[in-house]
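Beneath this line is the structure, given in structure tokens, with notes to follow.
Chains here go by letter, A, B, C, D, E, F and G, matching the order in which they are written, and residues are numbered from 1 within each.
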Amino acid sequence: MLNLAIVSPFIIALIVPLLYKSLKRVHTGWFVLIVPIVLFLYLVQFIPSVASGEVYIYEVPWIPSLGINFTAYLDGLSLILALLITGVGSLVILYSIYYLSKERESLGHFYVYLLMFMGAMLGVVFSDNLMVLYLFWELTSISSFLLIAYWYHRRQSRYGAQKSMLITVTGGIGMLAGFIMLSTMMDTFSIREIIANVAGYTDHALFIPAMLLVLLGAFTKSAQFPFHIWLPDAMEAPTPVSAYLHSATMVKAGIYLVARFTPVFGGDAVWFWVVSLVGMITLFWGSFNAVRQTDLKALLAYSTISQLGLIMSLLGIGSAALYFDASNAASAMYSIAIFTALFHLVNHSTFKGALFMVVGIVDHETGTRDIRKLGGLMTIMPVTFTLAVVGSFAMAGLPPFNGFLSKEMFFTAVLDVTQLSFFSIDTWGMLFPIVAWIASVFTFVYSMILVFKTFLGKHQPEKLEKTAHEAPIGMLISPVILASLVIVFFFFPNLLGEYLIKPGYAAVMPTFVGVEGYDTQFNISAWHGFNTELLMTLGVVGFGVVLYQLWPKWEGVYALFPRKWTLDNLYNRSLLTLENQSTNFTNRYMTGNMYHYMVYIFIAILVIVTGVVAYTGAISIDSSNDAPISIYEGFIAAVMAVTALSIPFAKSRLTAILLNGVLGYLLALFFVFFRAPDLALTQLVVETVSAALFLLCFYFLPEWEKEARKPRIKVMNAIIAVSVGTLVTLLALSVQNNRFFDSISSFYENAYELAGAQNIVNAILGDFRAFDTMLEVVVLLIAGLGVYVLIKLKPKKEERGQDVEGE
Amino acid sequence: MFQVLLIIALFLFATAIGIAAFRIIKGPSMPDRVVALDAIGVNLISVAAVVSIVLNTRAFLEVILIIGILAFISTIAFSKFIERGVIIERKRDR
Amino acid sequence: MNASATGEAIGAILILAGAIMAVISAVGIIRLPDVYTRSHAGTKSATLAVLLTLTGTFFYFWLTDQYISIRLILGIVFVFLTAPVAGHLIARAAYRSKVPLTETSVEDELKDVLEQEDYHDPTKGQEEQKEEG
Amino acid sequence: METMMSILVGILVTVATYLILSKSLLRVILGTAIMSHAVHMLILVMGGFSRDSSAPLLGEDAASYTDALPQALILTAIVISFGVTAFFLVLAYRTYKELKTDDLTKLRGHDNDE
Amino acid sequence: MKANDVILQTVSKVAVFIILTYGVHLFLAGHYEPGGGFVGGLVLASAFVLLLLSFDIDTVRKGMPIDFKLLAAVGAFLSVGTGLAALAFGVPFLSQTEVSATLPILGEIPLASVVLFEAGVAFAVIGTVVTIIISISEDV
Amino acid sequence: MFGQLLLNILIAFLWVLLQDEDTFEFSTFFGGFLIGLGIIYVMRRFFFKEFYLKRAYSAFKLLLIFNRELISSSVLIIRQILSPKLKVTPGIFTYETKLKGDWEITALSLLLMLTPGSVVIEISPSNNVFYIHAMDVPESKNAVLRALTKFEKAIMEVTR
Amino acid sequence: MMSNLLVIPMVLPLIVGIILIFLRPFVRTQRVISFLTMVLTFGVSTYLLVEVQRNGIQTLDFGGWDAPYGITFVGDSFSLLLTATAYFIAATVLIYVFATIGEEKEKMFVYPLILLLLAGVACSFLTGDLFNLYVGFEVMLLASYALIVLGGEKGQLRESIKYVLVNVFSSFVFLIAIAFLYGTLGTLNFAQLSLRVAEAGQPALLTTIAIVLLLVFSLKAGLLLYFWLPGSYGAPPMGIAALFGALLTKVGIYALFRVFTLLFYHEPDITHTLIGIMAILTMIGGSIGAIAYNDLRKIIAYNVVIAVGFILSGLAIANQAAIEGSIFYLVHDMIVKALLFLLIGATIYLSNVGRLDRVSGMIRNYPLLGWMFFITMISLAGIPPLSGFIGKVYVAQGAIESSAYVLLAFTLISSIFVLYSLLRIFRAVFFGESTISKEDMLPMKKAMMIPSIIFVAASFALGFGVEGIAGVVSDAAETLMNPTIYIEAVLNQGGA
């Protein structure tokens, strides 16, 4: 079952640490290797049936009530990627067994991450449910993070890991938003259902935002410009990881996503332009930058970026076909780009995988990947050299390697574009072949650099950390297999096309399946006669050779791009600026000064409440129904006001306490006027006890000083204070004018019948609302305990032994 | 008539309280203030008694003794505060 | 004249007398020259005032409501008992915190006794006290 | 009467607010104490005022009683304020003994150390 | 010269009696008149405060070896406990009973659970107030 | 121990009075007695001296003497406060008493202080010297001393 | 349904807390009893929660006095879910406290105080009475005051002052609002308040009072007015801080949800818009703060702030999906914030340094700690299958349904800041060259790790097992969205 296939790497991952610890003598990789091989073989058996148009769906309920289920969906598209994941996975693990020393490396971790990644990647390509897809999507980012940071003691590893994580997870979150928009629009999380229902929603306001957000996810994952900057830094990972994640599989997840969503969004101008343009820019920018790299892995990283751009642009171009009515057979020809994209996806995985392994071998055997130190390895490492030639030439698009085929088809696709006359393509369409051609020239150049600067020229053993020699045979098996495939696919492309690519295409362009003659053009052949494509290739080679030869002359071009303004620098500086500015900003208002905090709080209250009052007109005052004020009430009120107002001007702390006490006593008097004897009693006692507490504590506090503050601040405080007071008064007056309902309290006048008490207040406290009273007791208890603890428990250094155990 | 007399009495007490409050504000010494506070407390007792009659309730008679108790305690507290700073000693040294 | 009217009359007279006393003692608090003399007015004249008022109230409730309020009696006793102590403590506190006597004071027999001995220093207290006693 | 009381509450709140905005912890605590007076008074005022009602004691056979519920609420609030004030005071006292200042601007902590 | 507190101490002893009696009265009267557990408790506490003021902590402790923290806890326990007792009778939490039992000699006394509840309040108040005051005073 | 019993009964009576009941109920008294018992139990260690009540008559006489002094000195004080031109000559003088024991000393001080115009500021640690502040020394010192001796004698009649 | 059982989540810790005061010298007994109490209370709360699913809202009129005259406890899915979560957290955190707090503090009533704190929290969740809510708050706050200064260190005192002052002040404002509401509506019972607000049509004055309440609870919840929070949460011992981080602001959040779904839902253009604006500003402030410092305690404190903004976004949106999302996220955040505090506590304890620039490579010394932190980070960033995910999805969905795109953007961006802020810690503290040599390594106390393991398991369980609580959450949200359900349950019981 497919779901189990997805989960199995995770399960094995759980026991890997145990295997690693218990069987120290065997390289853990051997156990791990079983997983992808078994999975690969399991998947291979689906090829015939999928090729005949079958799809497989397995559903395991996860959160059925929310419509989130673990639904595995196998069709032509997912099968291509799944085979890559398990196939390349097997080869990479085999390679890693020789690459990573079991003595020096913590293989337990390594293989856990790798298996986690493998499972996650399978999850991505098999998931039908958007949320589950997202789950696995982020898991790939996380495992990638861990693998990049595998040598976490290196600064650069940590840097690269964080960068990739930040960028891909951010993109992922954007994608999630897009997914949720889709699901909200169509009320389903199932991709199949979305594809089935999308027709009615293309005009929905959320359609384009959802599309762009999904693309954000895809572009970040697939290292498309300008998000590509993480990929070169991801090269800090061990080379098997680079070969696997950062060229063959993970970065293809974005490609997969775009392909998967082509039936949803394809046919829209925005999709066409964004996908194809971003792809073209990436294609160019990657190839252009790859040329100047001196680190072999960095060169490969930029090359990967460039190739991913190529595939992306193909997907964009192909999507234009969906603009046409599906029954229009002629339109199918434009969809060749989709076919090409999938074809190149596979091809790229083979030759780039091989190249990474080659670079890994060079690194492993010489101790460096710096082109400037390398050279003349051809004779020392003949097998590796051969592999490098195969991979590079395929990458450069030369026969007899598979890269040639897909590159030719790419040229066809870009040339076809120019014939379209919608989406304003007629105006800008010429850009496609031009950019494609220029990028191909650079691709040719860096491919040559890779081979010739490393293996030809002068050997400089003194610059190498190790004495170079050919890699052990085990390490060569995987690249040899991949290189063989590079050649096999050139000679038998239709084997691949028929059984894998075409079913994949059918999954991406389901509406074209069955349209008459749609598949005749998918017959891949190396020779089409002297057509434009071939001429372009010849031009590429010619110009490429010239540029390669003249490299020192035009190297200066790169200096035209100031270092300060590179995207990398932008990333670094914005993070740094973000952190610094955050610190500055936060420090500026989070002063730790209570006064400031209180000012913020008061101002927030004033602004918000006054704002709402002004907006709603809540204040309405009418004092005509007031009870008249008797003389003594007025007198006491006046005394109270004067007392209160004189407190801030009090000259000593004792005076202030006394005045506060007077205030409390006068309040008790008001309680008397308001017929609240219980309150009056309580207030009196509490006021006195509080005053006693004030005295007890104040003795130790410093003498009450005149507030030494700038007059400006004093005035501001006064303004705030008066405003707050006024606000309270106005609201209180409004409330008195707007008593919407009578109080429930007449009920309590039956206190005697109900609770056997004559004192209503006491009945409320002791019975009707006894719960409040009970908690109030608890409050007191806690206050008492708190005070006790506060006083008795002191920081240790002072050694006040006797105080700790009080009574 | 009786009510009027009571109101006058209340007014007189209030005046006394007001005067004492003046002494609290003016000082000059701390004991002066305490003396005045004590006087206020004692006058409040009278007020409570008279208010009980005015409002025709016994409810506030409870207040009388309370004020007496509190006035006494607070005066002691203030005095000790002024005299020794400490109002409750851990152990009196004598 | 019925009991109620009598109660009102007695009550009114006593209460008014108390009120007047209260004002007089308040005046004393203002007029008298130093804290010691003020404490005479504050604590004792005021005490007298409150005793009058409470007694008046007591009689009022007794004669008009036939209600003998023990609280009032207790209150009277309590005030009687504690007011002088309060006066004593305030005066002592004033003296010990060195609030000066008014200039018109004629004699001060306490000054020397207190000044001889450093009563602020608790460590010295013990011995010196024994010498004195 | 209600208007006067509301204004009085406003005055108390004003003074309390002003004190709470002080530097000295002493003043701040005193501010909270005054604020509690204001709030309790406000609850009372919100319960309404009537000269004809008597205290909520059923023994007194009155025609109507004042609203007892706000009184009960205030009682609870008074007790709680008392507990809180006591704790706050002791906290201030301990703080002063430990840190030798009651100036809130000097009690900033290490917010600015980076 | 050491201050001689003989007057204060002697009068306080008498005053404390009055206050204590009055405090108990206030606490019990709450059902019918102003008063109740909180005020009663505070007044009782003020009696202890008066003792502390007039004498000193050690003397008072010797005279009354009560751990006031625990007294507060006892109070809280009583208050919550009376609430919980209702559970045993299957009535809602904090249901107060109003049985007034007629006992020999004592006559009719209110056995209302409210009394117990209020006693809890009072104890808690006494315990808390005195704990606070003693704690601070001891910390010199 | 007799004093404690007396006090207990006193509290019980106080209790009865506080209850405001129309008739004297023994149950109430008993309740008060129990409460008193509780209070006294709590307070038991504060009983340093015993308490006598048999000299009620002497006490009554003391009360009369006191009242007379109270009124006369009150008049004196009021006259002084209200006199348009304030002319006071206060001062502190000493008085050595023959009384002994806390209760006697306290009683004397209370009586003296209740009479306006005189305040006991200090009592010597040896419990025998009073430092008295008088409102108007030239005029009232003698009156105060006279009152003192009267009180002293009357107290001794009660206590000894 | 009337059941005394409903008071147990509040009264059991209360009475046990009181009893433990008497058991002061017996530290072990205190530990066992307090732990068992938490577990038992968790059990009861969970049982009640199940009961609500079966028989509808549970109510209990204290003293047998019908609402609105007495005080009523109302257990609906929302309140009981939070109660159960709170006790789950408390029980687990207690294990950490046992291991770390030290006997000196154990004898200083730390367990009674924690139990009383929980009682206050439970009371705040369960009460159906506005004034009682205030009282419940105070119980909780006083306990927190006592706990925050436990130990009396200089820094603690300094921060406590601020914490206490802000809370004292906000309690006053709360009382003012209660007074106004009582003055206008004459009642304190939530259900009746709701009826009366609806009947009056929530006129301008009531909306204004609602805003005052909004500010009160915002102060408690740390919504916009969070200035007090970062310092305070850095002050107490870590176990206590974990409880604070997990519980205290959540009570304010709960109150906001209750008040603005049950009472004041008639003028969302004013109230809920304001909540939305405040939520956004909170997320901004929190996000900026979280990456501004190298002090670990501060970083996690600002993370608390971010979560507050996030959860309140759901309330601002106020549709079924958003409220469900907020509830999911609330439960998640309570658990994982506690976890985060515990892990940081262990980190600080083991490294003896509280700053990320002074220690590195700890994952080599303490792999379990490091990986649990990693998982916590993932969980807080809302990455599936951990617990934060589903809440995020639902809030986002709610935002989309209500076209609240600004909120959508900020909620999602804030989770990137969460991730980054914690990633900084992970990168700097756990990765990197190991600064602690094997010899100098402090041994890891097992009991320190157990609670974290439990929380990590809970985060997984909550993530994988969403289905298990989905019904409860949707019922909770439904009750919040339909005030009549609540009102009926409170006022119409007993066949009236």
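Miscellaneous remarks
We adopt the following convention: a contact is a pair of C-beta atoms (placed from the backbone, for glycine too) under 8 Å apart; a residue touches a chain by one contact, two chains touch by 3 or more.
All values derive from a computational prediction rather than experimental measurement.
The minimal number of chain-to-chain contact steps leading from chain C to chain G is 2.
Traced through touching neighbours, the fewest hops from chain B to chain D number 1.
The set of chains in contact with chain C as well as chain D comprises B, E. Measuring from the average of all protein CA coordinates, the nearest chain centre is that of G. Comparing chain pairs A-E and D-E, the larger number of C-beta contacts belongs to A-E. Of all chains, the one whose Cα centroid sits at the greatest distance from that of chain A is F.
Per-chain Cα centroids separate chain B from chain G by 48 Å.
If you average the Cα atoms of chain C and of chain F, the two centres end up 13 Å apart.
Taking each chain's centre as the mean of its C-alpha atoms, chain F lies 62 Å from chain G. The geometric centre of chain D is 40 Å away from that of chain F, both derived from CA atoms. In chain F, 14, 18, 109-110, 120, 122, 124-125 are the positions where the chain touches two or more neighbouring chains simultaneously.
Residue positions of chain E with contacts to 2 or more other chains are 1-3, 7-8, 11, 15, 18, 22, 26, 32-35, 38-39, 43, 46, 49, 69, 73, 76, 80, 83, 93-94, 96, 128, 132-133, 135-138. Each of residues 10, 17, 30, 55, 57-60, 62, 65-66, 69-70, 72-73, 76-78, 80, 83, 86-88, 93-94 in chain B touches at least two other chains. Pairwise chain contacts in this structure: A-B, A-D, A-E, A-G, B-C, B-D, B-E, C-E, C-F, D-E, D-G, E-F, E-G.
Taken together, the chain C residues at the contact with chain B in this complex read 8, 11-12, 15-16, 18-20, 22-23, 25-27, 29-30, 35, 38-39, 42-43, 46-47, 49-50, 53-54, 56-57, 60-61, 67, 69, 71-72, 74-75, 78-79, 82-83, 85-87, 89-94, 96-97, 99, 122, 125-126, 129. Residues 74, 77-78, 81-82, 85, 88-89, 92, 96, 113-114, 116-117, 119, 125, 129, 132 of chain C are the ones that touch chain E when the two sit in their complex. Every residue of chain G that touches chain E in the complex is listed here, in rising order: 2, 4, 7, 11, 14-15, 18-19, 21-22, 60-64.
Chain contact summary for the complex, chain E toward chain D: residues 32-34, 38, 128, 132, 135-136. Across the interface of their complex, chain C is touched by residues 14, 17-18, 20, 70, 74, 77-78, 81-82, 86, 88-94, 109-110, 113-122, 124-126, 131, 133, 135, 137-138 of chain F.
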